[in-house]
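There are two complexes below, and they share chain A, which is joined by chain B in the first and by chain C in the second.
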Partner chain A sequence: MNANPLLPDTLFHLGPVPIGRAVVTTWVIMAALALFLPWALRNPSMKPGAVQAVLEIVVTTIARQLREILGRDPWPFMPLLGSLFIYLCLANLAAVFPGASPPTGHIETPAALALVVFLSVHVFGISSRGARRYLRHYLEPSPLLLPLNVLSELTRTFSLMIRLFGNMMSHEFVIAILVFLAGFLLPVPFLLLGIMIGIIQAYIFTVLSAVYIAAAVGAVEA
Partner chain B sequence: MLIDWWTLAIQTVNFLVVVWLLNRFLYKPVRRIIEEREAADVRAVSEAKKKADDAEAAKADYEQKAAELAKSQRGLEAELHATMRKERDTMLEDARQEADGILAEARERTERERMEALEGLKEGIADLAGEMARKALSGHASNGEAQLQQVLSHLDGLSDQSLSDLRSDLEDTAGALEIVSASELGEAERQRWQSALERRLGNGARIVFSVDPSLIEGSELHFPHAVLSFSVADRLRQLSREMKPAHDA
Partner chain C sequence: MDIAIETVSIIAAAIAVSFGAIMPAFAEGRALAAAMDAIARQPEAAGTISRTLFVGLAMIETMAIYCLVIALLLLYANPFVG
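And now, the complex of A and B:
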């Protein structure tokens, strides 16, 4: 673990490209998903087994939450928003594994996610409302507010990034300080607290992203 | 704080791969199975609705058939009642006609028997009347002389006391002896009647003659307090009185 989470935690280089701990952890998560999901849903049945039932519950719960936030069919938004939540949960929970650190504890990963959300908001907004109509909302309620609207778009994306990063980074800091001061057993309750914080931060990030996308796609569908 | 742009780019790509992975291996299969389950639910609901509709239709058909059966039953009952009523009326009419026939026959028989009885009665009455006439006229005098002889014979047959009572009746009351005949007596016959009666009843007797056709035949001697009848009418009355008790018995 890097002593300073504000600095890049490079493990090795692939040519000129530095490969950090966050990237490796993400690859591990991707590998786990790529292995587990095809196995778990290799024979989806109308009468699901335990694993399929859990996966269905997770997906339908996320879909139901998104339907309440978006006020429309959630399935077009599930790949992005559902993946955000699942990935963030898995990434934030990586802290419980020895030698792993949550990718979200480094600024690059929240920045990457915030960048994807920022771009997705505009893609969904334009595809849903049309470019002119979507861009016109920056001039509302008055064209004079255009700079503030643009600034709002940037700052909310920035806050999305910083909120996730700050919470996870500070949690890593606290754990590191506790390990340094009190040994290995004392941080256990804080690790449990970290699990809760990780899930809550995943939920907050996903919900805020859904709210931004809902505002972009406009009024509730019939 | 430093940002490693390589890491940012790689994480962005990594997240997009995660999106693809989850969409390919999680969302699509789960959504497909959910849609299949919903479609199965819709089919089940549709089939249940179809079965409910079929059951409803079967129920309606059953109720319609039951109604038709009940209607047919009511029709049959009405027809049966009509037939029974008709048969009853026919039987009553036959019985009434039969009773009327029996009654008419009884009346006819009664009338015939009554007529026969009446004929028999008429014959009996005729016989009786003939007998009465025969008895009334038997030994009865048909002319004035014979009548006088019949009266005199009767007076001569009376006892002295009876004859004396008749004389006393005439003398005490100074009444008249009225001789009533069915037909007018001639003067000569009157003289003979008067002289013959005066010889038996005394010279003091005043004798008057009168005619009464209701006597039919014969004569009657009317004393003040007694009547000696020798008429056919009186004879018939006596016969009638004699026959009545016998007839009533």
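And now, the complex of A and C:
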């Protein structure tokens, strides 16, 4: 049990850059999505086949959930939030495949995703409300609360990152301890629990991003 | 000297995880009980309630995860142990 969960395990070096197992897993997920989706949607039709129907169900379900949270047309936000959810689901479930390590279980991937959400909240807020009105909401309800508003902006991004990282990493760690202690068959129920944790964390990350974006673009204006 | 710091770090990690688990568990239990109560009164609002419940539970659970991260930092990335 000497493996440090906070350090990535390096597979090989690409020039001076160490490439970890998690990065390779990310590449495999990206390649799978980039190859599978154009293949599945190469000739979309009004009477969809099985694959197209499944993809449409996934997309419309995400859009319906987002519409309930945002209280407005979800399609401007679908490219970000929908791909975030699908990527997180696949990344969290990567633990099921032997040899793959979930990229979200290492600090870099959640940090990058939280940074993307942090920046896109401001982009969506400014583009939908205008810079002056958007920046003024930091002065509400009173200018005295400006430091607290800025602080909460930073801490919620930080907690978004730590929540995903901590859940996935601790689960990986629990499995490692169980394999170390009991080896065969005992980790299986925990792997099943891991599937549930992974999907719930992907859902929570997406919902919280949607809530932050909804707060930035202003509540129900439809 | 190093041994003393390591011993104290391990004890501190155990304390952080144990106390960090008590209150979030208590709070999650209360939140879950309240949500069950609300769903029993208004089954048609179950969708909204459970979505809010999940988000709230995630918020509460973050506190326990913070404690876990602190404990792992103490054990694996302790700045005072060479």
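By definition in this document, the second predicted complex is superposed on the first by the 218 of 222 C-alpha atoms of A that agree within 3 Å, B and C clash if a C-alpha of one lies under 4 Å from a C-alpha of the other, contacts with A are read in each partner's own complex, and residues count from 1 in each chain.
In the analysis below, contacts are C-beta pairs under 8 Å (C-beta built on N, C-alpha and C of every residue); 3 or more make two chains touch, one makes a residue touch a chain.
Model, not experiment: these values are computed from the prediction.
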(message) Looking at the superposed three-chain arrangement on chain A, would you call chain B and chain C a clash or a fit?
(response) fit
(message) Per the contact definition in the header, classify A:139: touching chain B only (first), chain C only (second), both, or neither.
(response) neither
(request) State whether A:111 touches chain B only (first), chain C only (second), both chains, or neither. (result) first
(request) Check whether chain B or chain C contacts more residues of chain A in the superposed model. (result) B
(message) Can you report the vertex angle at chain A, computed from the C-alpha centres of the three chains with chain B and chain C as the arms, to the nearest 10 degrees?
(response) 110
(message) Which partner chains sit in contact with A:55 here, chain B, chain C, both or neither? Use first/second/both/neither.
(response) first
(message) Quick check on the superposed pair: does A:18 touch chain B, chain C, both, or neither? Answer first, second, both or neither.
(response) first
(request) Determine, under the contact definition given at the top, whether A:27 touches first (chain B), second (chain C), both, or neither. (result) first
(message) Let me test your reading of the model: by the given contact rule, A:200 touches which partner, first (chain B), second (chain C), both or neither?
(response) second
(request) Return first, second, both or neither, reflecting whether A:80 touches chain B, chain C, both chains, or no partner chain. (result) first
(request) For A:148, select first, second, both or neither according to whether it touches chain B, chain C, the two together, or no partner. (result) neither
(message) On the combined arrangement from the superposition, state the nearest Cα-Cα distance between chain B and chain C in Å.
(response) 5
(request) Across the two complexes, find the residues of chain A that touch chain B and also touch chain C. (result) 6
(message) For the complex, give me every residue of chain B touching chain A.
(response) 1-4, 6-12, 14-23, 25-27, 29-34, 36-37, 40
(message) Taking the touch rule as given, give the residues of chain A at its contact with chain C in the complex, in rising order.
(response) 4-6, 65, 68-69, 159, 162-163, 165-167, 169-170, 173, 200-201, 203-204, 207-208, 211
(request) Note which residues of chain A are touching chain B in the complex, please. (result) 6-8, 10, 16-20, 22-23, 26-27, 29-30, 33-34, 37-38, 41, 44-46, 48, 52, 55-56, 59-60, 75, 78-80, 82-83, 86-87, 103, 106-109, 111-113, 115-116
(message) Applying the document's contact rule, which stretches of chain C touch chain A when the two form their complex?
(response) 48, 51, 54-55, 58, 61-62, 65-66, 68-69, 72-73, 76-77
